[in-house]
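In what comes next, subunit A is part of two complexes: it sits with subunit B in the first one and with subunit C in the second one.
For the complex of A and B:
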């Protein structure tokens, strides 16, 4: 098995429950580079895979604080210092009238970070992935449930991993290779 | 064990989708619309809508070329159809965000069948709305005065002006709605990519799906992003129409200068938006055979929201009137009694009251709530009524200025009419394109509401409904993410 080529086992299940149990088995066996592929997010799968809580909120909070601070600085500088406008006898720099814009900027910065932070954590867009070489994988966005175990996992072993996956009663198991690195290097 | 997605029959709950719906049938039902030839009705609707969009373009071109004198606006009615249309369209957009964000936070699973639809409507409605502040500035080439951009005059905008707040609120609203919609679309675009038979479809949907591989490691962050967006959009949607209402409420014009405006505008916005979702849903559902996914149950729930918000709006009308009387202020009283309830614009006021306050009261009857024809007619009436609400607020407060020497009347011109119906054309053009090419129902989200989406689902126990089965499940998924 070459180190360069990412190979993976792909096990297919008919139900969400079977997929969750398989994920629990892999987690308990100490696998790290495995994943579940389901047409919709399955309840309890995060715990079954032993995933920690998503860190996304820790990106969004500072972004929101940045939005409100930058907005404050902008309005203070523009209306309070650089071009003071006295309207309706109100002070040039007046905090109550800043609230709507500060609020909108907080939301804008947070929302942009929530979306692009999610893309960053998920490393998307990523149009090339060996898993797409499986013909059966198309139904992961339809009605089938999959578990993939990548060869980059230190515990990955062609026989043992297969045995472990077979014990979870999948309807199908296949070994998927990265076709694009292909032929010359290794044909196992 | 049972599934937590099963309806609890003891509470009178019914299934969210029709009998016999499976994961596969959901994918099929939604995807097939974009994979087969468009029905003749689609083409007819599309051609009509495109024609109206053309009229819109021509009328706007004429307006920019000539100036806003081509509208009926004149002293003392400086705001008329332009701002009426702006507020009307923005309001329609609000239902989409309400369905996608607020109902999500309240765990209202029935939203999954209509949220994609409603979010698309939001985006197209906001596009139509944004046209009006753009063109009503008159010299459109000065529109860049609105954002705080450095310029050679060394000027900055007036941040104390509610009109500037509006610029920030509406542009933030559009951006966030678009992001929310796109994030929701990614898994469904991946479904379309994986079903693609032609190279073009594979490339286009593939590019848009960003290489989504339904991975649970992705779902985890995805769901968190969705939850955060819902949490952010909820106060946002309330703020947007509040800010729109500040355009009026912070002025000193009798009829506008009221503190009830922000909640009243928000309720009205949700009311009109749900009516528009209902209108569109009834047509699309019938044309495309989506009745297994958008059931009578969904329509009834939407009608209940229309009843609730319609009654809120009716309360606001009454309270506004009462306060004008009770304040003892002559000008306030004049606006409400002589300019609205009677006088030259009384017809508009009473159209508003009959459409918005009286027509939704039919929905106290369960039978009428579940009647398709009634739902359709009421939804149209509410759309009309809500347009008149904004017209009444704007024009009847302006046409009688403080001095009788500055009393006038407002009549729309042909260009007013062209531009208004033109935006309807633009809206329907965008909407029909959406239906044709984009998954119009959130496939992944609807799947997650099926009983078999629950990992504890056991088909052998499907027949008998044991609500007790829940106890055991509950302990296993304490920190579980929302299923949608």
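For the complex of A and C:
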């Protein structure tokens, strides 16, 4: 991120429907650095925001394959080569007895990759975001719906963005900046 | 996504003259041809025994579809599901065919003398191939004692169906056998296991259980269909609540009837073998096959111009997810059964995989004729569909989902063939024309009934209070 202070518009809506329509307008106007904040998951929001399919699957699949391969190598080396033991009259290296472990390692690698991959793709953990400077924003976890448009978006413009947001009939629009900075009207 | 079509009964009826209005006739024709052929086979002495096995294969291939559809209906009712309302009716049609399946169980019940255990219980030996094997066991038992053998046989003949006598004879045989050196250890296990099962294979108890399954299927298949169809006209919310209230008990009746009918009519084909997870395995085949059929019928209805406004890619995506998930479950349960039996290595349990993997006519000759089918199941029922249906995009594209559903349906039939047929002949894979005729007969009659009912009622539950939620359903 540049050294420019992150500023954002925060538009507040009474209903999930209004919020979805606002997201559609921003998407159609070509904005990308905007987000929706709702008290519960809103169906259709992904399409309304124009979000692409999650890339998480492309991390999880190789992780799962890695898990199963490493598990196979581990058991092959331990039971088959390094320290063969006959257990229950079965061959030292026998595939059926490996399956539960291979399965578990596939799940373990996939699940951990899914969780931490999700953190990574969402740029979490994140210790600070100016949006929390808004006093009204607390009700995003209660009964209000918000759209935020960040100044890092190339299309962001104090006048035009505000006009666009006003056209979506929010109940409130505010400009939020990092607390210590003053919002200057001649920001980009 | 909102539809412009008014949700009313007349807008969701099958139109006269289209392919779906006469689909039942096609099914009925297939059923009639299959039934005539199968009956002709059953009448001849050489094929009568084969008929029972082929019929059980065909019957369970179809029965699991009907029962799986009932499960789908029950689980939607139990969870008050909103998303599935517009696809639920297809499952209800499929489950409404359960009374037909109850009637079609009669050929199995009439022919129980062809089950291997029948002789043990009723003391009336039949003359067919598998029994010869069992008889060979019995002769092996009594052989060292020499004189005891004719007497035991005489006694069994005289007393005909008296179970106590057969028990006594078997007991004697077991005792004698134990003293004999060089016998087949599997054999002792076989006889002892059968002995312990005599209470279960008591004929009155056996028929009593059959009556329970049949009653359960007639009642559940009819009741849940009627509750839903009556709502089409009355729009009464109370009917939804009644279906919901009835579903927990219905779910138990479903689980018990599915598990124990599979125990009685499939697992008992190899009477000394047992697996406590077998019912779950059968359930997993039912869930996968019924979802595949629901997907195929719903898509076919859409292709014919129905349901376009109320069933969309979101519904297919969810049906596909369930089908994929239950197919993984199928593999999980199948492997769980295998692992325990493989690890324990108990002779009366390992026979199942022995017949399906390494049993060949000559001992020690390596993989037997059924090993190929076992491998096909592993690769084409699990590995290939797993990677085929893994991606979200594949499940959201109707042609690829259709391919996956059709694929799994074919593998479902292979799976059931693999359950039943190794019991007919342990050492050989012989395809028989009855293996085609019997599924045609059962499937044709069942689907003729289901398709006929589809022409009489709306294709979605138009009176369901949650129908709008289903129409506007989205995957997040």
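Quick note on the criterion: the second predicted complex is superposed on the first by the 176 of 188 C-alpha atoms of A that agree within 3 Å, B and C clash if a C-alpha of one lies under 4 Å from a C-alpha of the other, contacts with A are read in each partner's own complex, and residues count from 1 in each chain.
Everything below uses one rule, namely that a contact is a pair of C-beta atoms (placed from the backbone, for glycine too) under 8 Å apart; a residue touches a chain by one contact, two chains touch by 3 or more.
Please read these numbers as outputs of a predicted model, since none were measured by experiment.
Touch criterion met: A:124 reaches subunit B, while subunit C stays clear of it. By the touch criterion stated above, A:57 is placed in contact with subunit B and with subunit C alike.
For subunit A, the partner that touches more of its residues is B, with subunit B and subunit C as the two candidates.
In the overlay built on the shared chain, the residue A:107 is in contact with subunit B alone; subunit C does not reach it. Contacts of A:89 after superposition on the shared chain: subunit C is touched, whereas subunit B is not. In the superposition on chain A, A:97 makes contact with both subunit B and subunit C. Once the two complexes are overlaid on the shared chain, A:44 sits against subunit B and subunit C alike. Common to the subunit B and subunit C contact sets on subunit A are residues 41, 43-46, 53, 57, 88, 90, 97, 100. Remark: subunit A residues 41, 43-46, 53, 57, 61, 88-90, 96-97, 99-100 touch subunit C in the complex.
Within the complex formed with subunit A, the residues of subunit C that make contact are 335, 338-339, 342-343, 345, 390-393, 472-476.
Taken together, the subunit B residues at the contact with subunit A in this complex read 4, 22-24, 27, 148, 154-162, 164-165, 168-169, 172, 175-176, 179-180, 182-183, 187, 190-191, 193-195, 206-207, 210-225, 228-229, 232-233, 235-236, 239, 243, 246, 443-445, 447-448, 452-458, 476-477, 479-481, 483. Chain contact summary for the complex, subunit A toward subunit B: residues 15-17, 19-20, 23, 35-47, 49, 51, 53-54, 56-57, 60, 74-75, 78-79, 82-83, 85, 87-88, 90, 94, 97-98, 100-101, 103-105, 107-108, 110-112, 114-115, 117-119, 121-122, 124-129, 131-132, 137-143.
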